[in-house]
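Sharing a structure below in structure tokens format, with a few things to ask.
By letter and in written order, the chains are A, B, C, D, E, F, G, H, I, J, K and L; residue numbering begins at 1 in each of them.
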Amino acid sequence: MIKLLVVHGPNLNLLGQRQKDIYGDKSLIFINEKIKEEALKKDVLLDIFQSNSEGKMIDFIQEKKVESSGMIINPGGYSHTSVALYDALLAYEKPVIEVHLSNPLKRETFREPLLTAKACCGVILGFGWRSYIVGLHEVIELMRKARKNG
Amino acid sequence: MIKLLVVHGPNLNLLGQRQKDIYGDKSLIFINEKIKEEALKKDVLLDIFQSNSEGKMIDFIQEKKVESSGMIINPGGYSHTSVALYDALLAYEKPVIEVHLSNPLKRETFREPLLTAKACCGVILGFGWRSYIVGLHEVIELMRKARKNG
Amino acid sequence: MIKLLVVHGPNLNLLGQRQKDIYGDKSLIFINEKIKEEALKKDVLLDIFQSNSEGKMIDFIQEKKVESSGMIINPGGYSHTSVALYDALLAYEKPVIEVHLSNPLKRETFREPLLTAKACCGVILGFGWRSYIVGLHEVIELMRKARKNG
Amino acid sequence: MIKLLVVHGPNLNLLGQRQKDIYGDKSLIFINEKIKEEALKKDVLLDIFQSNSEGKMIDFIQEKKVESSGMIINPGGYSHTSVALYDALLAYEKPVIEVHLSNPLKRETFREPLLTAKACCGVILGFGWRSYIVGLHEVIELMRKARKNG
Amino acid sequence: MIKLLVVHGPNLNLLGQRQKDIYGDKSLIFINEKIKEEALKKDVLLDIFQSNSEGKMIDFIQEKKVESSGMIINPGGYSHTSVALYDALLAYEKPVIEVHLSNPLKRETFREPLLTAKACCGVILGFGWRSYIVGLHEVIELMRKARKNG
Amino acid sequence: MIKLLVVHGPNLNLLGQRQKDIYGDKSLIFINEKIKEEALKKDVLLDIFQSNSEGKMIDFIQEKKVESSGMIINPGGYSHTSVALYDALLAYEKPVIEVHLSNPLKRETFREPLLTAKACCGVILGFGWRSYIVGLHEVIELMRKARKNG
Amino acid sequence: MIKLLVVHGPNLNLLGQRQKDIYGDKSLIFINEKIKEEALKKDVLLDIFQSNSEGKMIDFIQEKKVESSGMIINPGGYSHTSVALYDALLAYEKPVIEVHLSNPLKRETFREPLLTAKACCGVILGFGWRSYIVGLHEVIELMRKARKNG
Amino acid sequence: MIKLLVVHGPNLNLLGQRQKDIYGDKSLIFINEKIKEEALKKDVLLDIFQSNSEGKMIDFIQEKKVESSGMIINPGGYSHTSVALYDALLAYEKPVIEVHLSNPLKRETFREPLLTAKACCGVILGFGWRSYIVGLHEVIELMRKARKNG
Amino acid sequence: MIKLLVVHGPNLNLLGQRQKDIYGDKSLIFINEKIKEEALKKDVLLDIFQSNSEGKMIDFIQEKKVESSGMIINPGGYSHTSVALYDALLAYEKPVIEVHLSNPLKRETFREPLLTAKACCGVILGFGWRSYIVGLHEVIELMRKARKNG
Amino acid sequence: MIKLLVVHGPNLNLLGQRQKDIYGDKSLIFINEKIKEEALKKDVLLDIFQSNSEGKMIDFIQEKKVESSGMIINPGGYSHTSVALYDALLAYEKPVIEVHLSNPLKRETFREPLLTAKACCGVILGFGWRSYIVGLHEVIELMRKARKNG
Amino acid sequence: MIKLLVVHGPNLNLLGQRQKDIYGDKSLIFINEKIKEEALKKDVLLDIFQSNSEGKMIDFIQEKKVESSGMIINPGGYSHTSVALYDALLAYEKPVIEVHLSNPLKRETFREPLLTAKACCGVILGFGWRSYIVGLHEVIELMRKARKNG
Amino acid sequence: MIKLLVVHGPNLNLLGQRQKDIYGDKSLIFINEKIKEEALKKDVLLDIFQSNSEGKMIDFIQEKKVESSGMIINPGGYSHTSVALYDALLAYEKPVIEVHLSNPLKRETFREPLLTAKACCGVILGFGWRSYIVGLHEVIELMRKARKNG
């Protein structure tokens, strides 16, 4: 069975408690349940991780590189400035999809640069918790294609 | 039955014939077939349109506003500069999702501003023809939610 | 009798149906009626045109150049980026006034550059449908002055 | 009878004496006469003021706030940089229209930012002394509408 | 016999009638005659097209792709901003040369970005109608070289 | 007894009458009373001044330089652009604290540059009328420290 | 009794040992003592935290959200670039005041953007260790006001 | 006898008392004496004026336009941003020379734009009080040349 | 017989030895032979010069001004920054054409500003050694036209 | 014996496994061995540390400040944006040398700002693992010099 | 007797022959004569030099450093970009005055940065050949002052 | 024996005489001696060159290309702007290392762009004369590696 990483960045553990008009009213637990259901249907193992720390996110990505085949990441606020995370995603060398709950292009101008997304195969913005489900489906597609070619 | 617009912007009629390393090897006919299959499964009517002209894209969006409930649009090169298309999407006042075959954030810097995406609920970048399928699923979700609330 | 062009750009055919807080609740038909009434009083022939297409707007301006003596134009979203329309206005070589229903300087920052307005004698922003009436009066003044000097 | 403020900014007292190719050959006295004639027709009281000083312009606007119902202002060179005047116009809380004799968008690039115009209902550029007459008509419209709604 | 496309962008149909100090006093008919004479000498078929519409220019380029071997294009005002036209030129995949009658680098600063020229083999600026003749000679050179290598 | 200057910039005389959601509902008279109470407790003389004029603010600062030992200033809209006021604060050569009722960093982008604040010891933003009280306490601290060292 | 968070960002644990001309000669222990004394007087509980890690600062803010009623934060170098910390402060949804020992506007230009301060009620710059004391007083005011309204 | 204006801008009345390392140790009285001595030698009448107010500087320039033949101006901090003063200098239509005591190009970056200097014949930077003497000689040259040609 | 200058800038003496994919495989000797052949046919004298020094290029242009009637110049890397060469081309006051072997708009972004080209009649980019031949033909046209008019 | 810190930033633990064309094929273990060998020869103690976390890097630098005499740091992706690390390096107050394996100036434009390098004595870019050896030699030179002067 | 350097940059040897409306109709020989006359009166030796080469200008400045006491330089087009010349002026360590015949602030925007002027005591712009005479007087003042203090 | 070029750019011949706090107190002769000693140890021939002229530096690099195997260059002030030197370094096609005595990132902002360094294998900043020694060692490494692979 192939394994998929799900990486939630800073402040995502607060989902459902803050700014519901922007991020929706679902908690991270709810979202993780949804992802797990979907992964079960697709016969994919999950390794889910949340951290507020850029460094711990990079640690996790590095440690799980060998055992996993792809990643969905919501880098939260680190999306817009983190060269270190961009480098970690490049170094992962397997399919990565960046997801966001909201569409950051509709918000403050400091959210317009999408730096880490430059290191991703695909990007999904604005579907609330469904962004993750879409990302899961698509990264599995990419992982299967990679496996076939590899 | 609800109707969904699918709007392909400039140069997308050439898919499968040009720059396959960036846009993939599938033709627009193939992609439209895939979208139709999926729409059939979801019991959704489609109205598919391609034009190289910003003005005709706006015409189509306006004419089909009343009879349709949502839209997937790949504005191609107009994504990066067209205020007129942005205005047309805002005026459509129903769920719109912007899709791109490639991830423009990985390409030339003049593709970084995503202007029309500021008028969309969600954005999907980089999954080849599957970007449309994902968009179709998500816009149907949004249309159903809108109908429930409306 | 002198003839005046009235050129409505993209999305203006939707007036009264969309974003009424910004553009007002009057339809384009209403506005055109108002313009016609005023033109009648002033003994001026009108040639009114709306298009969502930058190219068709340029076609119209070129075709009507000889038979007309002045123009009111609301270039809509093309105001902010269109060098081609700017060139067409310069080439028209008769009085042109740019009008906008809303005051774009109060809105999104991408509406701040007013490129086509650099090719106009005068600019009128923010008076709703009355922007056209004001424009009509002023372009007639300019046309009469031009005729006297010509 | 309602009262209207007419505020002329720096260097406008020199009209008719300097750079006639840009500003026209009419003096400020002539323009004020024209405004008065028009106000008389419209049954509107005027309070006309000119100052070269940003501070005195703000003083005048504040002092006349209660007794007046609207304003036409030509902020001259302060249009492009004055946050203080912008704040005074916002605080006036009644209809304000900015007018310019010339079209500043056709001139030096440092005239392109129109900062105070962001605090105005409408903007009129480039009709020489007639910019004021147009502004007078339009501000009266707005004042009457405000009175009806108020 | 090989076929060459000649694409004239917006406002070029007005040549000889407007801004003669910038664009020269020759009409587009004259220029087309000159191009035809030269093509005859070189045994090259021509397909000449003018449009004010970005979309129609792209349509033409796509439709004529198979039957032609090269292109001279004067994108007019679309040179400076059109990503869609840039994409169409890349997708054409045969030699393209951009020509301008005037030298845009000597004019308004908004003419300095030459976006479509980034998709061209060569660029010729400032020789009036002769820019086309030079372009014709050079694109034939490139087409012959391409044919030899192809 | 030491004397402290309190300088209120443009539009601050309108406090309590305009934009109460931003500036609060207290009048300048109220704020001055609060400052006086506090000064009385601290055994400090006050010299309070308000002007809408950049020049008069500079005049006041210069005239009171010798007899005073420190200053609280709210430069209002001049904060963002005035080099002349910046120079006057530098030339004052005694402790100066800049205060704002609102937090300008949360407002329009043209309020982000805080030019005059570069010439101040300390800056206090966003506490409504209490910004002045805080400023008063702190400038007294600085004045006492300066006196001890001087 | 209400509880107040005091969050010290990177390098603040070194206070009193480095660059004393900029940051003063007081250690963080001294500052914390001063804050504690003041809190005692005001009957407020404190939870003081220092970290060099952006992630740990966010962790702390999240964990203490429920039990606390307000925060003073000195984000140190993270003030200028951290979107993640900005998001954490917004999500905290209780009064936050940003304090700095020095006035960063007087230092290197890369310290001019004050990003996290956009998420704060108030900002206090440049009073050395007293910035914290001022912040403590003001956040208590805000917390009391919030409690009254809540 | 011809008359020459000498206009000193904001804060120049403080010369000799502040920042002597930048502006020198001479008072404005001393400088004015030096200018008068020199004018006496050159048989030129002087009209010397200092103001901290942009508006009063413009008033003075306008009032003295007819009776004077040239001007030396040190606009102080208004040099870098004042469009109104720039306009007043253009409207003066006689020789103007801008002088600065220090060389602003060696100081803070916000002093690099020299806006009013764009409206002057010549510019003299960095010679302390002698900048005025040099300016006096040169403006007399220009006035004499203007008179000869006029 | 008229004389034409051919000026090759820095590093062009290395042609055929370096970066052949960009500059082609022809040496400067080859190119000069081609230019000479063509000049012979056109009855034009040549004065060919290469230098790596901006100053020597300017010296050459100045010295040959009187005896020559036009110039082809490839300023190499000086194209993008040299104000001095721009000035020398303006001062030459006879037809100048700038040529480049490659199309610099397709290369590094620091090659996008084409400063010296602002001082030229025409510009030819991207035809390898043929850029010079085209330039030769066109400058002869311009020289003949200049002679007729002169 | 003097002690030297060696700080490896984010993703450097992956050396030899990722992007070998950019970073070379040597592992971090190999590099550390090389550094140790060299330190042994030079009679210098080493304290080597790697972390993906900006905060832990700052912790380490602070903790080891007293016991060490100098530092080599490769801040990886934090080089380009981290004000916090810049502050930590300044606060270290002993010789610091920044090293990079690759030459970031040859890579993506977001790697061009070298912020932390502004806080370093010297910078070494592009020598693969040898960058560290060079850095080691040079920091020892600096430490010896510092000791002599200290 | 003290010696003064006079350095004329690129294209200044053409004075009187080119663009007389900008630079005046006097030749460099005329200007040098004027400078010599003035130097004679002031008992100062001159060493006058003109070069089109940035490098030779630097050579000259270096070689003459010991034997001379001050310099007037007109760096021509090198004023706006040359860091090397800036460094040479700093290294000269004696009074330097930059002079320009025209006022570059009134010309093309690429002439606005005055880089070398940042390394000069004083700057004189726009007095034609008299800029040199003024510069000569002032540099002698500075040299005498330097000698007194030295 | 392999030969190494050492190229010193503008003003480096003045070392030890100017700005010793920035560049150190060693003369260029001293540095060259040090380089020679080191080269002797490494059995490498040297060809040392200094010029203040961009053009002569390029000449030298071209002339010595065949006979040499690598280069150390300190381009001085040309580092920041010279496209011509960048091109010459690329065309040299052998290992090049850029060295600077000071760390330009700590100095004026116009020294931040390091253009020529984009064409170098490695860069060494800030070690005074030792920058050259380090560069010598490293370029020899690179030359030996190149020879092995070549």
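Basically, a contact is a pair of C-beta atoms (placed from the backbone, for glycine too) under 8 Å apart; a residue touches a chain by one contact, two chains touch by 3 or more.
A quick note: this is a predicted structure, and the numbers were derived from the prediction, not measured.
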Self-check item: Contact-graph separation of chain C and chain I, given in steps at minimum
Solution: 2
Quiz item: What's the call on chain D versus chain H, same or different interface residues, using the half cut on shared numbers?
Solution: different
Exercise. With chain centres taken as the means of their Cα atoms, state the distance from chain C to chain J in Å.
Key: 63
Quiz prompt | chain G-chain H separation of Cα centroids, rounded to whole Å | solution = 48
Self-check item: chain B and chain C: spacing of chain centres that average the CA atoms, whole Å
Solution: 31
Exercise. Spell out, as numbers or ranges, the residues of chain I touching 2 or more other chains.
Key: 53-56, 81, 109
Quiz item: For each chain, which other chains does it touch, given as pairs?
Solution: A-B, A-G, A-J, B-C, B-E, C-D, C-E, D-F, D-H, E-I, F-G, F-H, G-J, H-K, I-K, I-L, J-L, K-L
Self-check item: chain F residues touching chain G - in the complex, by the definition given at the top
Solution: 103, 105-106, 112-114, 117-118, 120-127, 130-131, 134, 137-138, 141
Quiz item: What part of chain F is in contact with chain H in the complex they form?
Solution: 53-56, 58-59, 62, 81-88, 90-91, 93, 115
Practice problem: Can you check the complex and tell me which residues of chain I touch chain L? | Solution: 9-11, 13-14, 17-19, 51-56, 76-81, 110-111
